[in-house]
Each structure stands twice: as structure tokens, then as C-alpha cells.
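Look at the two complexes coming up: subunit A is in both, with subunit B in one and subunit C in the other.
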Partner chain A sequence: MLRHRLSTLLAVIYAAALFGFIFLPVAVLVLFSFQDGRLPVPPFNGFSLQWYEAIFADRKLMAALLNSLIVATASSAVACLLGFMAAYGFARYKLPGSVLQRGLLIAPMTVSYLIIALGLLTVLNTLGIGLSLWTVGIGHVVINLPLCFAIIYSSMGDHHVNIERAARDLGASDWKVMLLVTAPMLMPSILASFFLSVTFSWDEFIIAFLLSRFNVTLPVEIWSLLRSGLNPKTNAIGSVVFLASIALLAILELTLFRKKNTP
Partner chain B sequence: MTAAVSIRTVSRLFHQFTALNEVSLEIAAGEFIVLLGPSGCGKTTLLSILGGFLLPSSGQVLIADKDMTFVPPARRPTTTMFQDYALFPHMCLRDNVGFGLRMRGMARAERYEKAFGFLDLVGLKASSAKKPHELSGGQRQRVALARALAVDPDVLLLDEPLGALDLKLRRQMQDELKAIQKRVGTTFVHVTHDQEEAMAIADRIVVMNAGRIEDVGAPAEIYMRPKSLFSAGFMGEVNFLDGKAIARDDDDVLVETPLGRLALPATAFTAGDARAGQKLSLVIRPEHFRGPAETAGSPGSLSLGEARITSSAFFGTHQRCHVAPVSSPSLSLVVHMPQTAQLADGVCVPLAVQAADIVALPAVTEA
Partner chain C sequence: MTTLSLENADRRKAWGFVAPALVWTVAFFVVPFLFMAAMSLWSRQGREIVRAWNLDNYLRFFGENALLKGLSNSLEITLTVTVLSVLLAYPLAWIIAERVPKRFQRTALILAILPFWTSYVVRSYSWLLVLTKNGVINQALLGIGIISEPLEIASTRTATVIGFVHFFVMLLTLTIYANLVQLSPNYRRAAADLGANGLQTFWHVILPLTLPGIMTGAFLTFVLCIGDYITPQILGGNNELVLPQIIMLQIGRRADLPMASALSIVLMLAVTLAYALCARWLKIDRV
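Presenting the complex of A and B:
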């Protein structure tokens, strides 16, 4: 009995330590975004919303936030579309060197963002394309496409083949089969890859930093804020970013969870 | 709508494997045809070729006298009902059934009305707003049938549609399929490996084996007058008795068997006349053996001597016995005896068969 209690206690302590380790930094960040004072460090002087006021009044920050939203949704939509079409091609047609090609598609996942950014920078320079939010978007498509492809490809089972065949048998063209049958059937995994892409793009710094110039995304703007020293404002904007990611994750979980209950 | 189908010397090879070997078949408009055979016999390959999902390696497929050999599925006057139903999981029943009409550009209101009509035909009108996952297996099956019929095909192809249903539901669906086919008049080509199902629904059964057609005919004909040993064996329990044609005697052929010399009418030779000296297999169904009470000197009855019962079991409609003929104790025959017969192991019973019930086929020569 005692042993049992002891092991339960240890398990609880372990779990607490685990979650503490993961979430304590975030909790501290959020806590000091409410700091009534100029420094986001202990002691906590009291509760204040002044820093949130400050960030929402900061036009540069708000512009960066909007830029981030645009880049995240647009690049994720493109990555999803390309990933879906690639997955459809590989799952439904016999292509030469299929295994190799699929490997090549997924390979960028293993390359560091820094290398991808440098590579893209060189290419863009050579082509004479100026840096802008577009180039950041291209970079984010490059990093998210392998992910979208992998998720969607893995959910394209053979059990869908007969359903597509039935659609074709009833007179649907290849495009209609894809649009009206395949894509709706794969919607859970398409949504999952879309939302994951959005969160990755939303948080991404290195590519956004190296491939942008005047219009920047939120992480880049935060970084330039940080250069002028610690400030509860950075905590506040960090909390907003965190909240947005959590909200997206919640949507993702809910949509996937709902789909799982009704296969 | 309905149309005739003509299959002309169609072959299909998969690498080195011959799935179909010069198959020819004429199907009349409005006929209910069942392709019957064990798995791997080529029946599903033939159905896929009719549906346009596979191209034949050689040969020709005509539907309503038009060459359809290389026409893709979407442009054929056929629809297929798949074994796993292949319903669209994200659409309600109404949209499932109306899908083919939508692809044909029919306006929404008209399309829904037609879809309701076909859902009504299969008794699911009240569920039209449900999704497929809310239905039972039998209901899904009906939706698949309604969806396939909604586009008014000339030929409906059914790929083991009842395979996933339990036995009771399967028998019920067989009756419904048959009734619906009579109502719509569409040519049905149905694939199954269940010979009872085949007999229950088919106008004509096509027995297939190893890529060839073994036998074609009405269920009673296939069962009672099989034209091949495979067909005889596949259509239910059967006894094969070795024999040898020895002489002709007027209209009869004398056949030497381990159970004595039998005079068989020429009609017994369903696969063509026998030459003298030819080795034969006599096909006798267990229910064709007459019980002790019926054998007494009826015309056309052939006595096979006495046989000792080695085991018996009660089957409801009959008693199924294994017997060893006294004249050839190493043989074992399966015999159906009347329900009420008093039987015990070791007892000897007289065996007799009506000459008209026996089918004699050329024996398979040992390779």
C-alpha cells in the first residue's frame, strides 16, 4: 500500500517536473507581460495591461503581425495544394523512380532552415528578384511542402481507390474526381497539414529574416525589438504569438478529433 | 435502358499469367447473368474489362453492337457496383445517388427528384439526408445499387455485391436484386463465388475456371446437366464414378463401372458422344440415389447393388450418408436419404439411380 502510494507520488512529481520544464518559460513570459514596471524580471511589481496597450498602438508591430498572417495562410495554402497534388500523383499513378522522387520531395525536411534560406538567397540574387514578403512566402512553401506532402500522402490509402473509380465510372473527369471526391475525403489530413504549416510559418525566423527587407514578419520585428534590450513589450507580443499558436492548435485538434469520431 | 453485350475471344495477360483465355460470351439485353467461379478464375477480370477498368490483351467487347473495347469507364453505358460499395463518405445519400446525374450536367432540382425516386426504389427514401457511415451494410449496399442505377445504364456490373453481408441478409438481398432487375429491365452481370446465390438470381450462369468458361446455361441446366467436370463439382456436392464406354446398344451406351455395367441414354453425354473405349466420369448427385422404398422396379431405374452405410448425419431436409458399395468397398459415395429412413452404421441398403439423372463426361486424362 505504502509502496503504491510512493510510486504514485513519484509519478506525479515526475509529471509535474516534465510539464514545468516545458511550460515554465512560457508561463514566466506571459506573467511578466503583465508587469507593472519597465523590466520583465522578478520581482513581479503588480498587474498591468500597459504593455498590451503599447503593442496594439505600435503600428510597425501590427503591420508585422498582419504580414505574418498573410504569409502564413498564403504559403500554407500553396504548400497544401502542391503537396496534395504531388501525393495524388504518387499514390495513384506509377511514376518512374517513385521511391526516389518521394524521398527527394521529403528531403528538405532534414535540411536546416539556415541552409535553405542561404540557398534561396543566392538563387534570388542570381535571378535578380528583390526581397519581399513574396520571397519569404516562397521560403515557407519550401519548408512546408515536404510536411504537407508527407501527411497527405500517408493518408491516401488504397481503400479510396475504389471510391475514385466509382466516381469515374459514374462519369466524373479526373479533375472532378480530385475536386469532388478525393480532396473532400482527405479533408482531415489536408486541414491538419494546413494548420501545422501555418504554425510553422507563423513562428519561423531565420528564413523570414534573411529573405525579407522592408516589410517583415512578426518574429523578425520582435527580434529587432529585442535588440534594444529587454522590455515587457516583447513579453506581451510573445504572449500574443503564443496565444495565436495555441488557438490554431486547438482548432486543429478539434477538427481532427471531430473527424475521427465520424470516420 | 438495356443492351446486349458481346464478348469476343477476349484474353487478358498479367505478365506471364493468363487471367482470361479467349473467352467468348453473348449476353442478351435484359438478361441477369452470373459469372460464377472460384477466386482467381478470371470472373472479376472479365467484369473489369466489361466496365472499362482493364483493357483486354486481345479480343473485343461490344455493347449494344458498338465496339467498347477501348472506351473509358466514364463513357460506357455501364455502371459498376463495387464489392466494398465505394460510396462517397462525405456526401449524403441523396448526393451519392445523384452524383452520376450531376456529372451529366443535370440541374439540381431534377437531379434530387430522380435521386429520391431511386432511393425510394431501394426503400431508403426516408434516409436521404444521412451519410453512408450511419447505415448498416445492407443499406449501404442498396444505396450503391440506387447510385449505379440512377444514371440509367444499359448494363449494370455487380462485383460480388453480397459478399460482405451475413447469410440471412444475403438471401434477402438476392430476392430484392432479382425483383429490381425485373422492374428496371437493365442487363445485369453479377460476379460471385457462391453457387447458391448464382442459382437464386441468375437467368443464366456462366461457370468459369482458370480463365476459361466451363459451362453456360440456366441454373437447372448447369446443375442437372453440367457440361464439364469442374462445373459439376462446383455446383454442389457430387459423386464421380469412373467408367469406360464399351459399346453402343441402340440409343443407349453401355458403360463399364466398378458398380456394374450401366446402359446410359445418349442424352447423358452432355459434352458430346462417347467413343467406344473412352474413359468416362459419371456424375451422380447425392439426392439422385433413390432410397430403398423407391427402387422397386420403376422404369429407367439402374440398380447399383447394395452399399454399406459408414456414417450418417441428419441435415433437416435429408440425411446425408457416406456409403461403401458392397461390390467395390474401397469407394465412398455420398448419398442423401429421406428424413424418415431408419439408418444405422453398418446397415446395407440397395442403391439405384434413374438413368436420366446420370451425366457422363470424358474423364480427365492423367497428365
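Presenting the complex of A and C:
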């Protein structure tokens, strides 16, 4: 009994220490976003919202935020659509060499983003194609397509086949079956892969940095803010992004994934 | 005859479904990658890229100390981070899986990975706030009187390692936890029936059963860590450059895409080697 209590005590101490480690930087980030002064380091001078006003007044930052939203949703939608179609094709038809082709689709997952970005950069450079949000989006589809394909493909069970067959017997065309029968059945995993892609694209730096020029995404704009050193403005935009992500996560948790968790 | 034509029609339809994804991957991943590999054999002369086809870039890499040091820095930091993260994350995952009541486990896990949702660039920046000369850690330690001079942690390898470990402890807690809760309680019961105590059960039963999960997480850590530019650039500064920093220098300041390509190939070989070393424990094909 004593031993059990001792090990529980140790467990509590360990967990508290690690949770402290995990939360320390975020707590400091958020706290000093309210700093009434020019430096986001102790001492904490007092509570002020001036840095939040500053970021919402910053045109470049807000433009970057919008760019990030556009690139994230558009590239995720494309990745999801391509991934879903491929998953449907591989799950429902026997194609020659399909193991190899599935391997090819998953392959970008095993390569560093830096290498994917540099590869695209060398080609674009040689062809003389200018860098823009389009090129960033193309890169983001490359990194998210394997993810979407893997998630949707793994959720395509054989039990769905009979329902699809029934729909076909009742006269639905292939595309109709896919859109009106298969897609709704797989909606949870399609949405999961979509939102996962959105968060990856939204947060991605190196591809966005190397493949954009004048119009940049939010992580790249924050990066250029960092060049001016420690600045409570960076704390403020960082806190806003953090709270927005948490809010999105909470909404997803409460709506989309609710059913799955209740046993 | 009819069946054959039906099969052909079916096959054509199937290609229609899979082709867009395959074409995208080939056009924007395979071709650029091969092009980059080819470019690593060219060289830059002045502002021009010359299609010379030789191994000069690779020979320069193995001949130049500064470049070779980048690789060894990368490997040292990545290995340190991987080992530290596994050692720190395993007990936490264990505590959440075994000691936290079932209905609170999900909450505990979500809390453990909450800072994931800060932006990646901002996460490194917030560690800079903590570790910098007049930052939280130094002011706290000075305040208590443990140190009399502020510690120089920012812009060192230690800062890079702390920033990385923070990220990967969260990631590994998640993967190891997923592994631990999958284990059937029957294993533990059987071990107890056969007379094993808690430690023996852990060492001989639980640990070997979770090893594939640990290795998968460790491999993921290795791949993400060795290819990362942000954390070493923000936290490590320019004192000890890692390979991705050197690659970015070639792209940016020197505009030497052939050399950057060659260094990327080296980076990829390092990852491939790591994969070969832990392949026997990995269960990536199950994903």
C-alpha cells in the first residue's frame, strides 16, 4: 500500500514536471502578448491590448493570414479530392501493379519538406516559372495527398461494397455511386483528412518560404517579423493563431468526433 | 468476349480514378526529385548553372570541413533529441495510460499535446523568450539566487535540443500512449500469474510489445528533426550550423542550387540509412 502510494506520488510529480515543461513556452508567449512595454520578457509591466491592436492594424500580417487561409483550404480540398478518388479506385478495382502505385502515392511522406521544396524550386527555376501562392499550393498538395489517401483508403472497408452494388443495381452510374453513396459513407474520414491537411498547410513554413515571392503565407510573414528580434507583436499574433486553432479543435471534437468516442 | 471487354472498360474506369493522384505525384514530386538529383551533378559558375555532369559537389562536401561538420552536427543533435524525447515521453504516456482514470485519459492526452497547435515558427520563438539572456529562466534563477550571472542558453546547441525535445515529447507521448492502450490486459495478467513482479512484467512483456511503436515514433522524430530548418535557425543561431541551415545558405545567399541539391541528397541518404537501421522494428506497412 505504501509502495503504491509512493509510486503514485512519483507519477504525479513526473507528470506535473513534464506538463510544466510542455506548457512553459506557451504560457510565456500568451502572458507577454499582454505586456505593457516594448520587450516580451520579465518583468511584466502590466496588462495592455496594444499589441493586439497593432497586429490587426498591420496590413501585411492580415494579408498573410488571408493568404494562408486560401492556400490551406484550396490545397487541402484538392488533396482530399485526389486522395479520395485514388482510394476509391484502388479499393474497388484490381489494378496491375497497384502495390507499387500505392507506394508511389505514399512516398512523399518519407521525404523532408525541405527536399520536396528544393526539387520543385529547381524545376520552376529552370523553366522560368515565377513563384506565387499557386506554387506554394502545389507544394502543399504534394505533402498532403499521401496523408489524405492513406486515411481515406484505410477506412474503405469491404462492407461498403454491397451498398454500392445495390446502388449500381438500381441504375446509378459510377460517378453517382462515388459521390452519392461512397463519399457520404466515408464522410468522417474525408473530413478528418481535410482538417488535418488544413492544419499542416496552415502551419507549413519551408515550402511556403522557398516557393513564394511577394505574396506570402502567415508563417513566412511571422518569420520576417522575427528578424526584428523579440517583439510583443509576435507574441500577440502567435497567441491569436494558437487560440484560433484550439477553438477549431474544440468545435471538431464536440461535433465531428463526438460519435466515435462514446462507446 | 463480352467479359473481356467489360474488364477493359472497368480497367479504364479504374485508371480514371487513380490517374489524377498519380499524375500529380509524378509531376510535382518524382520529376522534381529526379531533376534535383541530376542538378546535384551540375555546378554553378558565377550566376550560371553549368550542366557539367561530375561529382564535384559531393567531393567538395567530403573535402570541406565546414560542410562535413554540418552533417555531424545534424546527426549528433538528432540522435540526442530522439533518445531524450523517447526517455521523457515513455513515462508520461505510461502514467496517462495506467494511472489516470479511463474517462480523464482523453483530456490528459489532449492537454499533453495542446501546444502542438501553436504555429511551428512561433513555438521556437516562444522558447527563445524563455531561454534568452533576460528571459524567464534566467530572471527566475537570478531571482532565487542560484546563479549570479545569466546563463547563455539561447543561440547554443542546448537551446536547439530543448526546442526539439519539447515538440517531440508531445508527438511521442501520443504514439506511445496509442501503443500502450492497445495492449490487452491479458498479457499483464498472464505475466502476474506466472509470478512476475511489476518491473519484470514491464521489462520482459510490456516494453518488447511496445517496441515497434517506440521505433516508429523514434524514426518519425529522426526524419522530422534532421530535416528541420526553423528550430536550429531560431534557437541555435549561427554558431553550429546543421545541414538544413547550410542548404538554405546555398539557396539564399550563394544562389548555388547544384550544391544545395547535392547536400539534400546527402540528407536523404542519412534518412535512408536510419530507415535501414530500424526497419526491422518498423511496421510502416501496417499504416
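Everything below uses one rule, namely that the second predicted complex is superposed on the first by the 254 of 263 C-alpha atoms of A that agree within 3 Å, B and C clash if a C-alpha of one lies under 4 Å from a C-alpha of the other, contacts with A are read in each partner's own complex, and residues count from 1 in each chain.
We take it that a residue touches a chain if its C-beta (ideal position, glycine included) is under 8 Å from a C-beta of that chain, and two chains touch if they have at least 3 such contacts.
For clarity, every value in this text was computed on a predicted model and none was experimentally measured.
Counting the residues of subunit A touched by each of subunit B and subunit C gives the higher count for C. In the superposed model, A:A172 lies in contact with subunit B only, and not with subunit C.
Of the two partner chains placed around the shared chain by superposition, neither subunit B nor subunit C is touched by A:S228.
Look at A:H159: by the touch rule set out above, it reaches subunit B but stays clear of subunit C. Applying the stated contact rule after C-alpha superposition, one finds that A:L105 touches subunit C and leaves subunit B untouched. Within subunit A, no residue touches subunit B in one complex and subunit C in the other. Of all residues in subunit A, only 8, 11, 14-15, 18-19, 21-26, 28-29, 32, 39-43, 82-83, 85-86, 88-90, 92-93, 95, 101, 104-105, 107-108, 110-116, 118-123, 125-126, 138-139, 141-142, 145, 149-150, 154, 174, 178, 199, 203-206, 210, 218-219, 222-223, 226, 230, 234-235, 237-238, 241-242, 245-246, 249, 253, 261 touch subunit C in the complex they form.
On the side of subunit A, the complex with subunit B involves touching residues 159, 162-163, 165-173, 176, 180-181, 184-185, 187, 262-263.
Touching subunit A in their complex are the following residues of subunit B: 51-53, 72-75, 78-80, 82-84, 86-90, 99-100, 103-104, 131, 133, 147-148, 151. Those residues of subunit C that touch subunit A in the shared complex are 10-11, 13-18, 20-22, 24-26, 28-33, 35-36, 39, 88, 91-92, 95-96, 99, 106, 110-112, 114-115, 117-123, 125-130, 132, 134-136, 139, 166, 169-170, 223, 226-227, 229-230, 234, 244, 247, 251, 257, 260-261, 264, 267-268, 271, 275, 287.
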